[in-house]
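Look at the two complexes coming up: chain A is in both, with chain B in one and chain C in the other.
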Partner chain A sequence: MGGIIQEAKYSCALGSQQSVLAIPRAIPIIHAGPGCSARQFSYLSAGAGYQGEGYAGGAQIPCTNSTQNEVVFGGEKKLGKLIDATLDVMDGDLYVVMSGCTAGIVGDDVKQVAEDHSTKEKKVIGVDTAGFRGNNYKGHNLVLEALIEQFVGDVDEEIEPEKGLVNVFSVVPYQDVYWRGDLEEIKRILTGIGLKVNILFGYGSEGVSEWKNIPNAQLNIVLSPWVGLSAAKLCQRKYGTPFLHEPVLPVGLKATSAFLRRVGEALELDTDKVESFIKYEEKRYKKYFVSIGDFLADYSSYIPFDAYVSADDIYGVGISDFLENELGIEVVKFYDSSEPNNASKDRIKEKLESIKEGLGERVVFEGDNALIKEDIKRNIDERKTKSVIFGSSWDRELAYNTKSVLIYLSVPILEKVIVSKSYVGYNGGLQLIEDLYSGVLNKGFIAHTTVEK
Partner chain B sequence: MENTLVAVGYDNDPNTKVSFREIKNAAIYELSDDNIQQIDNRTLPDVAAYPVPDGGGCAGRNDEYVNAIADVLHDCEYLLLKEVGAYPSRVLLRRGIQTLEQEGDIESLLIKIQQYLKARR
Partner chain C sequence: MSNSLTTEVEVRERRLKSIISFAGKASELQAGAVSQKKVEQPRCFSQCSDCAQMRAGTICSHIRDAAVVVHSPMGCFANNPANDEINKSGSLGRGQKPFKTNVVCSNISEKETIYGGLKKLREAIDEAYKRFHPSAIFVQSSCAAGIVGDDIESVADEKQAEYGIPVVPVYCEGFKSKVWSSGFDAGYHALLKRIVKEPEKKQPDLVNIFNFMGSDTFSEILGKIGLRPNYLVPLADIDTIARMTEAACSTSICETLGTYITDVLEKQYGVPHVHATAPYGIKWTDAWYREVARLTGKSDIVEEVIAKEHERIAPKLEELRKELKGLRIYIYAGDSYAHNMASIASDLGIEIAGITTLHHDMKTDGEPVEHSSLQEMINVAGDIEHFSVCEKQPYEVIKILKQVKPDVVIIRHMHLPALSAKLGIPSILEGEVNVSAGYDGIITLGERLKNIRKFKRVLTTLEEYNEFPYTKQWLEDERLFI
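Our next item is the complex of A and B:
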């Protein structure tokens, strides 16, 4: 990508410091200029519904604060001192040195410095996440690969996979504002069909012991169009672990049940057990779904029938599937803001086409949210249909001006406090229904009624 | 490359850089694309004349003292030292002088600065 964009919905590769923080008791050590790390935190944590510093985030993150001195003479020595000091005062299970642009341009070898300062008790790894290497989706991929290469490492003997153990490579922590709830739900449904799950990030993860256990998995599940795919391929090469690529994040009943059946087939699980869990979940889901029937009937004139999904492709494709195939809402356009490469773009188009004929043609790959908003406004004005916009705080004014429902799906989100919310799986689908139709009752959405007054 | 002046702070021996709190003199080097040449030697203000500010610390926390050094080094872009604190660095930077701290022999460090200046263009 070249040129300037407005209202970005992602950060640079160094933003993957948040991925490290999402691993319990893992500590990032940043080799970058002053302010780089703080801004990543500000954008991806505070800007993701005020998610807090956590165990070692925010102002606690050690950083070399590189200046011209490190540009002239190199910063490896200073980094070495910082690593030693960090190991002395910060209690962690894993330390990940990450470089920013300054170190990347100068050519400091963070991997080597990390290796030199790693001890038997305290493992330190290094990854080049210089901002010019790409956005934080790509940064997340780099972190995943570095963890597998340098922390999980090689295995000496031929592996006998543990039956029913799976690794999940999925959403990007913090960049996906609902990552905590999402990963909990993914783990819950997979556990429900009888699997043991290395979810790897978040409160449901056991931390570094899960990462060490990666080579023993029977299957890797990639729940994303392209993020995490390189890590799964790396595991296949290193450990011989096969992977199931699921480009669509399951949202709602249909997608979640279908996903679980595909996982069951891939692992040759006991069909009765899988179906029994699905049956229980679907029965519960349908009861809730039916309960909003009265509301839908009463407010049918105000229900949005057009949707504009402005999000990354991990969530955006899953949400589009749910809207089209479960709620009957037409996705007028899907604006993919995650900057996939060309091969991934083709895969995303293909997948969207399989969700709904013609949807593959309605995807726009665009990182500039100002341009996205212009296009949404133009479409709403032309179609004159009640709409729902899936976006971020950048889209708040647009939603208000077009009397559309706004569902928050991307950073930055500054009007909500996010804790355990999720739109993934059975529970996520219900949560999305709740939020979407609650939006109909927002001030100004229903004209000339007591609700508006 | 426009010629750049680099000051190297020292105590009594011009061949040994010292920490900021120990500097008494500065050797001034002129760096061009293909040449490094010492062009001057300047005596810096006497630290004893500047009291440590309230709250303690070293003289580097006395703005008046640091500014007096900046006056002497007004035409230099860099001040190379063995060690320097964040506070005097900030004061000097406001006067357009970037401090650089690095151990090693002066000649090879000046060569690195020369390489950096060439690359920066």
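Our next item is the complex of A and C:
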């Protein structure tokens, strides 16, 4: 587990209340102390580009607000009453009880209490997300597994998979500040090659009916180095669904086309259909790309050739691939802040190495952004190359002081309002190009001469 | 640095009989407080509240040269980016140099909940000392550390001896109190235990102002009677905090925030507490000026100042009263700060459609039960028909707002304005509270109320597109809460 942290880039397991909120009409019920839930909201929604409380989030989340009594005598009774009342007050399709540290240490069995208070019409499940169990990436995995085990459940007979139906396990809602746009783009491109997609979270999801439909999929696609992998494995055990593990989130033309071809191959899709979609997308993408060529050429003295990627490994690996292989920007270091376990670390290194020779050695696993910043500063000072930093609000001063372009890729983000933006897929690659090179024009960076002062 | 204070301060539900649930008239709540009858109506459905640790952070995380160790899992540290931002914006708002929060989290994991977390705590304190070279280190406890039983005081003693700076335990475990304001007291208590010193020399023109962040409005307010503000605690440094006992008297921007510490300063260090409600609204500002003047030997000049001030703001106030005529407001704040807002509203001649306070202290530290900001509010603004107490609880407040249909809501807490916004009702986030103090504060709030009505236009669209998560059954239920 992680050490002392000064500048955090994730929260605790309870932060996955935001994952529940990301499922249309799903409602978390928090069994924790009085401040736990509000903090998660502050960090993962308001502090993550002002994403809003959504349907049932923010101050609206039901919570036992446990105090002394529940710590001394246990809180299962109070939780039971809260669940019953929640079903009357909150209009949802699924209710997920989540425990915090108090309930976790005391040993309240939230899964059992949830089951006892679940009704025929309104399903309630429970998951132990006590903060000390790990960060919210791990919390997200716990939520996925609990949903599959307790809500999707067992299937009686052998399943005849629905042809062309896939489930996607990918970015962590809210923790990935662009999750809404990302999932829309992922769904768009997969739909483009003829698939039907259970995207599971976000505005493009049908909600709980999609989750219920999980066992019928022909394939599970895991678009992340390790988050979501346990859910896909669970589906394989329970429903016999194979999975395609794609550790690199596709960003830009090359990665996205290659990704779609691999999916097509795995599902034995009609090649003409896949290729015709790719052809159309690539044609427009290339036109856009070429249109920025003039800017690049005119301002070549100002554009960054070095990059420092300080983000989680879901987004960070994909962005690194795009920078290295499409924009020709060298990823000097990738700082992975999502606390993967040792096996995942090896996989990430391996993947980075396949993206670019030597990149596997330039990954640093570190959760404290204060230390990451020091290292970036040292490298920029040494290399004296115009740089782009992919980071968070923690990196604002560093970027300003080193005249680097700052692209927000990680929480916390306090000076941008984020709505539907995404850096994933074809559209995301173009969006990133727009933001990255606009950054070059930030006030004070262009000297109106041919060289930077 | 030693005094007779106990290790921990009692939480508000025991010390002040504070409640978090009530619905009725303001006068009924006050009558209940005076007669010490039980007025709290228990609730079985509740939405997420805030906790004492967050509020203790309000006291400890914004001290200029101090460091904070949050001894908790990462989730309790999730306020840190916002706190850091507040340090910067708060300093700029005060006209001071911005600074960064010097905070680390010990990052308690499963292992520490089994074997105890003191090793990690020691490492975190060492790291804080090494990284920030602070004048003092505060150690905030958490639910996990508290339940496991980590003896943070012994580690604090050990590290205090090692580094030669105060290392201060703050007992602010979230589960200990249902009233988040107990965290203010925990923060102050920590300061009183290990930072605050006996005065070396008194400063007869210095007035302690317990506030949050906020503009420097009290220099002008106090300057009119030849006094200076000593802003505490956010943005101050350790030396200023240590010497708060040198002041002539102490006051605060609201009773909820400041009366625990001002009472201890009065009883233990002889620094008198200004026994008047905070200077919000004309009558309260008059009374506050007189009391401050009495304690500082300025009684001879204060009446002239009050008369001149009344005269000065009169034309503008008259104008605002005309412009705001017919406006109905709802107040969702406090405890006491909601009363402050009502006091100003009565001066502006606007109707108070109702008030929800986020808890209620049934008594005030250092005052008899008859003396409360609630009673003072009733005195200046009249009884309030729709008066309720709840810790946020939008499922409850949505019903009130739908029923009373105010034109504007004044809200003190971040993230709560979303509720009124989605109902299409403009709101003022009263985050910067110093600007509403004194006679000019009445004008400032009046201007803000006047301008905020334009906000209605975008909110009409928001209301149209929004969908609330409450069942039809609940919204049609006659009960306010269950």
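Quick note on the criterion: the second predicted complex is superposed on the first by the 444 of 453 C-alpha atoms of A that agree within 3 Å, B and C clash if a C-alpha of one lies under 4 Å from a C-alpha of the other, contacts with A are read in each partner's own complex, and residues count from 1 in each chain.
Convention: contacts are C-beta pairs under 8 Å (C-beta built on N, C-alpha and C of every residue); 3 or more make two chains touch, one makes a residue touch a chain.
Keep in mind that this is a model prediction, so the values were computed, not measured.
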item: Combined model on chain A: chain C and chain B, fit or clash; value: clash
item: First, second, both or neither for A:Val71, with chain B first and chain C second; value: both
item: Which superposed partner A:Gly252 touches (first chain B, second chain C, both, neither); value: neither
item: First (chain B), second (chain C), both or neither touched by A:Tyr10; value: second
item: Partner chain(s) touched by A:Gly316 [first = chain B, second = chain C, both, neither]; value: neither
item: Comparison of chain B and chain C by chain A residues contacted; value: C
item: Partner chain in contact with A:Gly192 - chain B first, chain C second, else both or neither; value: neither
item: First, second, both or neither for A:Glu53, with chain B first and chain C second; value: second
item: Which of chain B and chain C A:Pro412 touches, first, second, both or neither; value: second
item: Contact residues common to both interfaces of chain A (with chain B and with chain C); value: 68, 71
item: Chain B-facing residues of chain A, complex; value: 68-69, 71-73
item: Touch list for chain C against partner chain A, complex; value: 44-54, 72-82, 85, 103-113, 120, 123-124, 127, 131, 142-144, 147-148, 173-178, 180, 391-395, 414-416, 418-419, 467, 469-474, 482
item: Residue numbers on chain B that touch chain A, as the complex places them; value: 98-102, 109, 112-113, 116
item: Residue ranges of chain A touching chain C (in the complex, touch as defined); value: 1-8, 10-15, 27, 30, 33-44, 46-47, 52-53, 55-56, 58-68, 70-71, 81-82, 84-86, 88-92, 100-102, 104-106, 130-135, 370, 393-394, 411-412, 414
